[in-house]
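Okay, so chain A shows up in both of these, paired with chain B first and chain C after.
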Partner chain A sequence: MTERFAAGTRVRTSPTDPTHHTRVPRYTRGATGTIVESQGLHPLPDDRSRGLPCEPLPVYTVRFAARDLFDEGDHAVTVDIWQTHLTPVDDEGATPHER
Partner chain B sequence: MNDVGGMQGFGAVEQEPDEPPFHSDWEAHVFAMNRALIGQGVYNLDEFRDAIERMAPQHYLESSYYEKWLHAVSTLLVEKGVVTAAEVSAGEHSHD
Partner chain C sequence: MSGDHHGTNSHLAAQVRHVETLLEERGLLDASELDRALEAFLARASPANGARVVARAWLDDGFRSRLLDDANAALAEVDLSMGGGLQEQRLKVVENTAEAHNVIVCTLCSCYPIALLGPSPTWYKSEAYRSRVVREPRAVLSEFGFDLDPATEITVWDASAESRYMVLPRRPEGTEGLDEQSLAAMVTRNGLIGVAPV
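Moving on to the complex of A and B:
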């Protein structure tokens, strides 16, 4: 899989709640943020933790407004998230298929 | 349990002015063992994190940081066939 997102792209994290391991923090699930930069390619923990084949996949630093995650705070929160768990959204926060 | 980022309801975080890296020797042993086992490829870091998250919720919430590590190391060593559950149990009871 190749890198899909440039810096500044608005993305939403998947509202995943798997029975297996994931590195998507619960407080970011379903939230909308902005791509800051690429962190290169890394095996997906969701698969690697289960002994499944795991080709290195793109990872990005994503910036969220604290207010979007916790309903308060004027600071930003940055989290490294795999591309697998990110969907691009337009400026209104809708994913393309919701338009 | 997957509580990356934490959650509310467990009281204030205890702050220690000169917090040592380890509070007991066994914690340092667990730390070293885990580094060695991952380094040798017995299991990987994601399997280690998963083993902690697979703990029964009540056990997870009652355990300290390195107690969770010890649980994960023991679990993975049994699952990978390095030791048997009976051997782990015998080791635990040798200090009774």
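Moving on to the complex of A and C:
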């Protein structure tokens, strides 16, 4: 899979709560943030932990405003997230198919 | 959170021991090979490494830029690496300034740049630190006795994938003229995590 997102792109994380291991920390699920930079390609632990085939996939540093994660706070949190768990959104936070 | 450090991973530990036993029985692994590899890695892993990198960055602006741009390449200049004898990990160094402060955490388990900081402190692995520092970093820093200027912006770096993070603290005032060794001696492990000024 190739890298889809450039720095500055607004993205939303996957909102799902799977029964298996996932590298989307719970506090970031469904939140909107901004791509900071690419970290290259890495196998997805969500698949690897289940013994599924896993090609290396793009991983990004994503920056969130604390208020978008916790409804409070004036700081930022960056989280490292695989591309497969990210959807691009526009400036209002809508995904393209919702428009 | 997926990991804890209170003994409920004993099932996993038993599985690992079982695999080790099978590898040894089949002659694929010498009984002491893993111990030797771990001991060799830990003998080189120390916060003195991180402190030396910071002191060099304070003294050499070119090295500082390269460190912030591509930390793995910069480490090679000072004979350090994120390899530890295993797969090399990506390192990202984040710089503190008067306006911006950085703190590192791993909310999912306890990822940590062991090669540069040595084994992690117990509190770093505690659920309290991992859950609270992302939500209320200013309060957590204050409990470490570190009261940051309210105007300074905080970024918390959650190492949730394959990168490891280290903080480049601000150089203390009044340290002009000090050499690399003297500067390195001022840098603490907590400063490299971001819960102390230096």
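Here, the second predicted complex is superposed on the first by the 99 of 99 C-alpha atoms of A that agree within 3 Å, B and C clash if a C-alpha of one lies under 4 Å from a C-alpha of the other, contacts with A are read in each partner's own complex, and residues count from 1 in each chain.
We adopt the following convention: a contact is a pair of C-beta atoms (placed from the backbone, for glycine too) under 8 Å apart; a residue touches a chain by one contact, two chains touch by 3 or more.
Since the structure is predicted, the reported quantities are computational estimates derived from the model, not experimental observations.
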item	value
Simultaneous placement of chain C and chain B on chain A, clash or fit	clash
Partner chain(s) touched by A:Pro15 [first = chain B, second = chain C, both, neither]	neither
Partner chain(s) touched by A:Gln39 [first = chain B, second = chain C, both, neither]	second
Chain B versus chain C as contact partner of A:Thr78, first or second or both or neither	second
Residues of chain A touched, compared between chain B and chain C (which is higher)	C
Touched partner set for A:Pro25, first chain B, second chain C, both or neither	both
Chain B versus chain C as contact partner of A:Arg48, first or second or both or neither	first
Doubly contacted residues of chain A, that is, touched by chain B and again by chain C	21, 23, 25-27
Contact set on chain A toward chain B in their complex	20-23, 25-28, 43, 45, 48-51
Of all residues in chain A, those that touch chain C in their complex	21, 23, 25-27, 39-40, 42, 59, 61, 63, 66, 69-70, 73-82
Chain A partner contacts - residues on chain B that touch it in the complex	2-5, 44, 46-47, 49-50, 53
Sites on chain C touched by chain A in the complex	1-2, 90, 92, 107-108, 134-138, 153-163
